[in-house]
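One chain, subunit A, links the two complexes that follow: it is found with subunit B in the first and with subunit C in the second.
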Partner chain A sequence: MSPKNNPVMVLEKVCKRFGGVVAADDVSFELEPGQIRGLIGPNGSGKSTTLNLISGICDVEPGIILLDGEDITKKAIHERARMGIARTFQHPRLLSRCDIKTNLFLGHDLGNMRRASGASQEIDQSVDELLDVAGLKIGMDDSIKTLSYGQQKLLEIIRAILTKPKVFLLDEPAAGINTREMDRIRALIAIAIRNKAAVLLVEHSMDLVMSLCDIITVLNFGCVIAEGVPAEIQGNEAVIEAYLGRRRHA
Partner chain B sequence: MVLQLIIASLAMGIVYGLVAMGFVLIWRAVGVVNFAQGDLLMAGAYVAFTLTELEGLPMPVALVACAAIMALVGVVFHFLTYWPLRKSWDMTVIISTIGASIALKEIATLVWGPAPLSVEPIIPGIARFASVSIEWQFLVTIVIAAALMGMIFYLLEKTYIGNILQATAQDQYAAELIGIPVVVATSMTFAISALITGIGGMLISPIFFVSTTMGGSPGLKAFAAVIIGGFGSVPGAIIGGIVVGVIDTFSGAYISSTYRDAIVFLCLILALLVRPQGIFGEKISDKV
Partner chain C sequence: MTLQRKIFGLVLLLLLALALTLPFTVSNYMLRVCNMTMITYMCVVSLFVIFGMAGQISFAQAGFWGVGAYISAILTVKLHVSALVALLASGLGTAAFAAILGLALFRLHGHYFGFATIGVVMILNGLFQNWKPVTGGADGIANIPPFAIGSLEFASETSLFYLIAVAVIIISIATYVIYRSSLGRAFMAIRDNEIAAKCMGVNCYQTKVIAFAISGLYCGIAGSLFAFVSSYISATSFTFMQSSLYLVMLMLGGYHSLPGPIVGTALLMMLPEWFRFLQEYILLIYGLGVMLLMVVMPDGLIGGGKQALESYRNKRKGVANVAQK
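The block that comes next holds the complex of A and B.
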């Protein structure tokens, strides 16, 4: 594991209410570069809300989110994206009427504006490498509509990695894909980690979570009920109860 | 006679096409039909009147100035009618544009008065080609409108800014998440929409009188053009505009100038019966 106390992102007692429903209640954790944190919990436990709070789709009320020590709680979605927060969706949200090139580079060009560098050759190399790792044999001018669901998910992950994110939010990358594509996704996440991204993985596939994550946060009803390495989480009573219900003692 | 009518119908059609393009850009960007589109044409005509008749600016300068002012009008329009309501139901925004339509007419009445005004043609007089005489204004209209359409088409399809506008139009939320400032993209779209529609108003202002209600009929006909061309399609808007212009002018000349509007809308109904998705139609979405 990488050295502790060097987080790129810190969530401090982050809350979100939808009317009377508490979707996030004092959620706190840290993300470190090169580390994968799993975020798991039953349906409706606040995993997606947490991703939405980090990417800025929902307003935090109250609580603080820090990126590189800077409070980003009040920043707009696109500002956060430009600061290095990338995300993928459970159902890929690509620009369906644009070609693959536009989809891949639109976000990346904006990233280059941020860094004010013209390293296009380096980008081309990394695109080739990423497409190779993902096993995508596609033309840059092809329409998004020619891709299968799994290929679209892979492409969305590639798009995010190309922006060299500091924080990479993955929302259920394994949902609805086959096992071969699952291996491709693992390989892509490994590249993101090599690039020192801090990965937050929301996932229902326990195989993927347990094998991939360095540390896991478990949510239930918006609260963090457990945190620890995969082995600890697997044996945690509160987690088992949240997923399977309380064992009745006769 | 027929050639003159063809030129006249092309001139009207291409102006309808500009307004139709204005409709389509806003519809694609924010998913609502702007009911004040015709009034933006009227605003463009009044701005043109002020610049040319009152300020006496030379034509090319007036054209550029009118474009700049109308782009600004578009940005203001965006922040007053759309942006505060962006998270509400589409219908709310549509009603807001109807309100803007009334407000624009009333502002025009307050500033320029209720009486219709006349504007000199950009190039006065008649062009003669062999035995055919054509008003210069029609030719100027066709050339300027076609050039403007070409520029906007290039901007949307071939440039980085166009990609950003298209990305925002397709999925605002996904666009924001890859770092696109959506407010910039939507206000720019409104600016372009108001600009092309306003220039349309400037081009037809010497052909008709400039009045506060002059936007009504071209606005409706442009809307018909959008439907005939295929809702949401930019090339469809242009072709649809020309189709409407041809029907409009020829029915006015050969059938009845009283019923020309009715004939246009009759053709719209026929088009909806025969090909409801329009010439370049994508699947009709739930927003229509």
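The block that comes next holds the complex of A and C.
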């Protein structure tokens, strides 16, 4: 990787336990603006948990998370969002009883709030442009229920981009979508990168991860078992072991 | 939302036209019913804000209505404050009361908040009933002077009608503005997906308190107007039963959109007048109606109507598509 070492986010020995299950065990890595870090690992290895720890949905215990050098480990979810952490979910979390416009405006509202406090600038793209890139030909007044699963995932990504995040967490954006939508997701991530976001991409599709990511972290049972550029990870013994040991479709 | 806008505009226009002409066309008694309907509507809109928009079910609304009524009654009867000041005090006082209550109760999550509000309306009712030196106990407070702005007195049913209509229009427009604002979106985000709301920077706790305070404001104003309209208040009006009625009205009209409260309130307030001969069975009919409604039209009349319209359109589209092939 290119060690610019100007990270916007730092995780230092972050841990999380659910009863007896260790979901995150001394997880450490850094995110840099304009870079994509892949976070992969078998089912239940703690990928979603790591995103939850960063966005504040789960409490870190123990460990430290820094954003722009500031310790955010104890901050509430909405405070972190206002500081520039945006995310999507493994299963899209949209406002199910609202129309598409309202869902997008919600992202706009946070963007405005961040701009008003001087924390961010206007993004270069308009909502129409983003919808175009996503290939979403939808009526703004349509209900969320009219969207397909893939369209919901795309809309959720656009909603996050509208906040102009510093850190953008994506949880399996490509799961359950078709190949055409896959390209749309690539294009949207590219836009987030152009807006200087640091992207953390959780994904099972090796195709997407290997082609998009600048650097990859591999988790197994909550532990980081490997870190490196895609070529290194593809040949890594421990990674192959982890995936083959608990076989799964990629 | 062009359809919604059209419907809302239409309803508002109708209401306005009605407001201008009603006092000349109906009896004094009917006018009193209309006044009470508008007052009830304000409380139902308050429930639309806290439940319809923010998704937090509340049975406290009739209690807030009472707080507003008692504030105005006590201020004017015992302290001889002017009516206009009393009205403002009722609105702001009840809003503040709701906000403080919200700060405590929104520590609870999900249904527990709703349960707690049942306690609120019961405690308030007990307070109205028993705190004799302040609320007059079971005797209530009588001889509330008519509403007045300076020397302009609103004593007749007709003048009260216009006064309340103005309040109704202001509250309706305010609610519409909130509905379209970032605050309204924050409410709806909390209702639909609290985690998503938080991740989009919404301070859910604070936002719920704001929604509750706004609902308190509406009920407080409605309560004050109720005190001036009836010139006598007692604890028997401000009950859990009344709160439940608000909920039924909201569910009947539909709690997803603004016209819902108008339709629901108007129907449930007017029906007993039209079906006088069924008076003994009215509660039974309500009960059966609510159960039927939840099965057949869970989104209320407005929601159900919209759905019917949409499926009719889709059917026509479908027919057109088939015809093309």
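As a working rule, the second predicted complex is superposed on the first by the 233 of 250 C-alpha atoms of A that agree within 3 Å, B and C clash if a C-alpha of one lies under 4 Å from a C-alpha of the other, contacts with A are read in each partner's own complex, and residues count from 1 in each chain.
The definition used in the following text is that a contact is a pair of C-beta atoms (placed from the backbone, for glycine too) under 8 Å apart; a residue touches a chain by one contact, two chains touch by 3 or more.
Since the model is a prediction, treat every value here as computed from it, not as a measurement.
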item	value
Superposition on subunit A - do subunit B and subunit C clash or fit	clash
Partner chain(s) touched by A:Arg93 [first = subunit B, second = subunit C, both, neither]	both
Which superposed partner A:Phe168 touches (first subunit B, second subunit C, both, neither)	neither
First (subunit B), second (subunit C), both or neither touched by A:Phe29	neither
Touching partner for A:Leu106 - first (subunit B), second (subunit C), both, neither	both
First (subunit B), second (subunit C), both or neither touched by A:Arg159	both
Subunit B collision site on subunit C, chosen from 3-11, 201-209 or 309-317, when both complexes are overlaid on chain A	201-209
Subunit A positions touched by subunit B in one structure and by subunit C in the second	55, 57, 76-78, 81-82, 86-87, 89, 93-98, 102, 106-107, 109-110, 114, 159, 163
Contact set on subunit B toward subunit A in their complex	160, 163-164, 166-167, 170-171, 173-182
Subunit A residues within the subunit B interface of the complex	55, 57, 76-79, 81-82, 86-87, 89, 93-98, 102, 106-107, 109-111, 114, 159, 163
Touch list for subunit A against partner subunit C, complex	55-57, 76-78, 81-82, 86-87, 89, 93-99, 101-102, 105-107, 109-110, 112-114, 141, 159, 163
Residues of subunit C that touch subunit A when the two form their complex	1-3, 182, 185-186, 188-189, 191-193, 195-204, 256
